[in-house]
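Below are structures written as structure tokens.
Across the two complexes that follow, subunit A remains constant while its partner is subunit B and subsequently subunit C.
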Partner chain A sequence: MNIAFAGNPNVGKTALINAIAGSKLKVGNWPGVTVEKKEAEFKYKGEKIQLVDLPGTYSLSPYTVEERITRDFIINEDPDCVINVIDSTNLERNLYLTLLLMEMEKPIVIALNIFDEFEKSGYKIDLDKFKKYLGIDVIPTVATKNKGLNELMDKAIEVAKSKKHYKEMKYSLLFDRFIENEINKLIEKLKKEKLPNKYPLRWLAIKLIEKDEYIIQILKKETEKDISSLAKEHIMVIEERFNDDTETILTEARYGIINGILKDTLKKPKNYNIPFTEKVDKIVTNKYLGLPIFLALMYIVFKLTFDGSGPFIDWVDGFINGYIGKYVSLALTGAPNWLNSLVINGIIGGVGLVLTFVPLMLFIYFFLALLEESGYMSRAAFVLDKIMHSIGLNGKSFIPMILGFGCNVPAIYATRALENEKDRKLTAVLVPFMSCGARLPIYALFTGVFFVKYQAYVVLLMYILGIAVAIVVGLLLKNTKPFETAKSPLLLELPPYRVPSAKMLFGSMWIRTKAFLRKAGSIILMAMIILWAAINLPYGSTPNNSYLAKAAKVVAPVFTPAGFNKWQAVASVLPGIIAKESVVGALGQTLGVEKKSEKKKTSFIQDTRKQIMGLIKATIDSFRNMFISFTPGIFKIESISNSTFSQKIRTVFTPLSAFSYMVFMLLFIPCIVTLAAIKQEFGWGLMFFEIGLLTIIPYIVSVIVYQGGRLLGFH
Partner chain B sequence: MPLSMANKDKFLKITNIVGGRNVKQRLSALGLYPGSVIKMVTNDFGGPLIVEVNNSKIAIGRGMAQKILVNEI
Partner chain C sequence: MKLSDLREKQRAKVIKIDGSLKSLKKRLADMGFVKNQEIEIKRIAPLGDPIEISVKGYSLSLRKKEAEKIEVEKI
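Right, the complex of A and B next:
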């Protein structure tokens, strides 16, 4: 049995679905678009239920992706029942969508959600009369307190089972007699055409009268006929009579119906306002305070996310590479060396890489859900709208950008907070220019060798350069077709502040992290094996004559204009795609600096105990980092103590070419995990575009830097 | 007058929306259509503004607010 949930944004639909489906929820994207799709399969009282969460929408016009998805789903997938979740404290607007859904003639049950607040604030509704007017069953629910959920599901199943009758279902809500007359005349005409019977004729007639281009186009494709001409005469008659365009006339007519019902059934309290929301908004959306408050909140989110997840990331890294790796390697004793290396460095290394991101994902998704569900996110968009508008981005784009300074991967996923698809794409394209934490070791190495006195300034310059390049690229892309965003002016609801339930936050955090593991994991693993092959084959080669080194020797002259044409520098670029910090290690290897490896013999039990103790310590450290210490740990720069390394670096780089190399590394592909995140969220197309962009731009900029530097007399 | 010129705390009635079907449709889905009564909550003359309609607050970009014509009531 197929049950779809539809409703306005911010009506507690997600909370309701979480409460019903819980851990069974899976999150993905609707095919071809980046709108999040949640679905679940489970058994309820012996009935197999397929639950689908339709995107939150205010209407079913053809103008936004979300609304088209909802429409197409209801028409094409023919759900057995649509549960329309509505905010009972805002019936007038919510019922607008209800009427549109009813026009589609599918079995509907209404969940009158947030009913506790409704009663508390003094509203009264005559439920029986209300149901009779609508001709639909209405169940009061409180998703956050698990109230009314069973009744809702029981009713939905009951309604769904009576499905065969739905075509005979007569909703008693009609437009005024004049409009209704024209609709009926058009229906008669449509009956004579052979149209796919998935379209209810009355709905089709209404859409044609509303001049709905989208449905006209679809019908043209499906039937190779243009039936829009049938409606022309009726559109003219109606527009002449009411002296307005049909879209507006029908919209007002629907609100007329709603107001009629509510007048007879709803008693509003004399003075309804939410004092808490009013008070908070006065401060948070204040002309002067808004921005500082936003920045302070962002700092807190940034700090808690990266400082809190850091110790767990280190622990996971040690657990997979040190502990699991060691014992898998032991188990492979006797196997050929290349196999051992492939398994340990390629496969386990890849799995380890994916898993080290899990703590970060959990933290970031938790805070994103908190910002979103509490209602603050839309205030942030309001506060930032003016600033971000000037560089062609939506106010909410600020959040992924800031997160990008910690790590690009969660930043890519954070673009989910943006409603507009093109805004999301442009933001995701620009995120990699934000200098993430993993690039610091590279800066630390080179500034430690060449710019000891000005270390901090040079590093700061890198951050600023990244932002500057992002702004320039943003301005250039904004006027190209795939990223054109200027046409989406701000229009959004500022929902009342609500305390999100812990269940909801943790649920959202877990299902999204699971999707990351499933979707991004496989791509990363594949890329890791390919990279392993490039770096290590032919097997038994030294860093001097691997395929990578040979290729680097051929490609190196290309980088002459950028100042770093030694093969060691070029060969170290590729491992940087695994993770930027591995550039330092790769340089060490290609330059022939020995790494000291310490191997102490420890027993399995000792090792296991060490891992458990490590996890406990990581938990303690995480709390301490988040709530006690106040200096973000990632900004620490490691000092370079290895003097032979420093000497060898000087044989390959000059100060200017080192600076140019740092610029290249700043702007080059951040890592495969970021690429995998872009693939997961936006598909192959944007990923390859990003690879191209992040290869060409760093080349151009580092050439400009090197040649410009030479002109200024640096070397 | 356009909505963008209205003062804080005033009650307003929408008289007309000048704009494409897209704009009209998006606004009316949020309860903003000719005839609806709204209240100006925040208007700092620069950047977006906030209005209240049926208990819900809506943030509207300045450009769009210029296309909504209102009368003070």
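Right, the complex of A and C next:
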């Protein structure tokens, strides 16, 4: 049995689905677009249920991706029942979508959600009368308290089994007689056209009268007929009579029907103005306090996320690469060396890389869900929209951008908070220009060698340069076809503040992290094996004559204008794609600096104990980082104190070419995990676009920096 | 007058929406900007744009550019 959930945004639909399907939920994207799709398969009272969460929409017009997805799904997938989740504290606007859904003539049940708040605020509804007016079943629910869920599911299954399609609209739901008359005339004409019977005729007639381009185009493709002309005379008659366009006339008529129903069934409290939300908003969106409060909250989220997850990340890294790696390597004793290296550095290294992101993902998804479900995210957008709109973005884009300074990967996933697909894409394209924490070791190395006196200023300059490049690229892209965000209007609801349920926060954190493991994991593993081959083959080669070194020697002259044409510098770029901080190690290797590694012999039990103690210590450190220290640890610069390394660096770089190299590293592809995240969220197309962009731009900018620097007399 | 000309806390009634951008007109109507609908400017964002409007019992934020398309009458 196929049950689809539809409803406005911010009505607790996600919480309801979480409460019903729980851990069975899976997240992905709707095919071909970047709109999140949640599904689940489970058994309810012996019935196999396939649950689909349709995107939150206010209407079913052809103008937004979300609305088109919802329409197409209901028409083409023919769900056995549609559950329309509505916010009972805002019936008027919510019922608008209900009427549109009912026009599609599927079995439908209403979940009157947030019913506790509704009652508490003094609303009263005559449920029996309300049901009679609509002619469908209505179940009050409180998703956050698991109330009404079983009744809802029982009713949905009952309605689905009865196959009760609402072909006969209740008299109370019909339009004005004049309009209905024209609709009926058009239906008669459509009957003769032999159209695919998945289209309810009355719905089709209404859409044609509304001049719905989208359905006209689809029908043209499906039937090779243009039936829009059939509606022409009816459109004319209606527009003449009501002196407006048909789209507006029907919209107003629907709101009129709703007002009629509510007048007779709903008693509003005398003085209802959501006092709590009002009070909070007075402060949070205040003229003087709005921005500082936003920045303070961002600082807290940033700090908790990165400092809280940091110790766990280090522990996972040690656990996989040190502990698991060590014993797998032992198990492979006797196997050829290249196989050992492939397994340890390629496969386990890849798995380890994916797993090290898990703590970070859990933390970031928790806070994102908290910001979004509490209602604050919309306020952040409200406060910042003016700044972000000037570079073609939306106020909400600010949050992924800030997170990008910690790590680009969660920042890419944070773009889900944006409503508009084009905003999401442009934000994701710009995120990698935010200098993430993994780029710091590179800055630390070079500033430590060349700019000791001005270390902090040079590093700060890198951050500013990244932002500046993002602004320029944003301005350039905002008017291009795939990103033309400037034209999309802001129609942003500021929902009442609500306390999200813990179940929903943890649920959303867990299912999204699972999706990351499943979807991004495989791409990362593949890329790791390819990179392993490039760096290590032919096997037994030194960093001096591997395929990578040979290729670097050929390519190096290309970088002459940018000032770093030594093969060692060029060869170190590629390992940086695994993780930016690897550049430092790779430079060390290609420059022939030996790593001091001491290996003490330890037993399995000692090692295991060490791992467990490590996990406990990580937990303690995480808490301490989050709540006791005040500076974000991610910005700590560790200086390199290896003097032979510094000397070798000086043989390959000058201060200016080192600066140019840092700029290149700032702007170049951040890492494969970021790319995998872009692929997971936006598909191959945008990922390859990003690879191209993040290769060309760093080249251009570092050439400008180097040549400009020479003109100014630096060397 | 235009919706964008209203000041904070002012109330008005929707007269009509400029139809030069069909999709915007339809979306605004869907969100509740229908003829004779009462609205109130709740506040203006710290940087002067967008504005928050109370319509049909909920709060919606619009940029001034879009608010210019909505003709209103002060009440």
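Methods note: the second predicted complex is superposed on the first by the 706 of 715 C-alpha atoms of A that agree within 3 Å, B and C clash if a C-alpha of one lies under 4 Å from a C-alpha of the other, contacts with A are read in each partner's own complex, and residues count from 1 in each chain.
By definition in this document, a contact is a pair of C-beta atoms (placed from the backbone, for glycine too) under 8 Å apart; a residue touches a chain by one contact, two chains touch by 3 or more.
None of these values were measured; they are calculated from a predicted model.
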{"item": "Touching partner for A:Leu291 - first (subunit B), second (subunit C), both, neither", "value": "second"}
{"item": "Partner chain in contact with A:Gly713 - subunit B first, subunit C second, else both or neither", "value": "neither"}
{"item": "Partner chain in contact with A:Ser378 - subunit B first, subunit C second, else both or neither", "value": "both"}
{"item": "Contacts of A:Pro31 with subunit B and subunit C, given as first, second, both or neither", "value": "neither"}
{"item": "Touched partner set for A:Tyr255, first subunit B, second subunit C, both or neither", "value": "both"}
{"item": "A:Leu491 touches, of subunit B and subunit C: first, second, both or neither?", "value": "both"}
{"item": "Footprint overlap on subunit A, comparing subunit B with subunit C", "value": "58-59, 61, 63-64, 89-90, 92-93, 96, 245, 247-248, 251-252, 255, 281, 285, 287, 378, 381-382, 385-386, 389, 489-495"}
{"item": "Contacting residues of subunit A [partner subunit B, same complex]", "value": "57-59, 61, 63-64, 89-90, 92-93, 96-97, 211, 245, 247-248, 251-252, 255, 272-273, 281, 285, 287, 378, 381-382, 385-386, 389, 489-495"}
{"item": "Residues of subunit B that touch subunit A when the two form their complex", "value": "21-22, 24-31, 33-36, 41-42, 44, 46-48, 50, 53-61, 63-64"}
{"item": "Subunit A contact footprint on subunit C (complex, rising order)", "value": "16-17, 19, 22-32, 34-35, 42-43, 45-50, 52, 56-63, 65-66"}
{"item": "Residues of subunit A that touch subunit C when the two form their complex", "value": "58-59, 61, 63-64, 89-90, 92-93, 96, 244-245, 247-248, 251-252, 255, 281, 285-288, 290-291, 378, 381-387, 389, 489-495"}
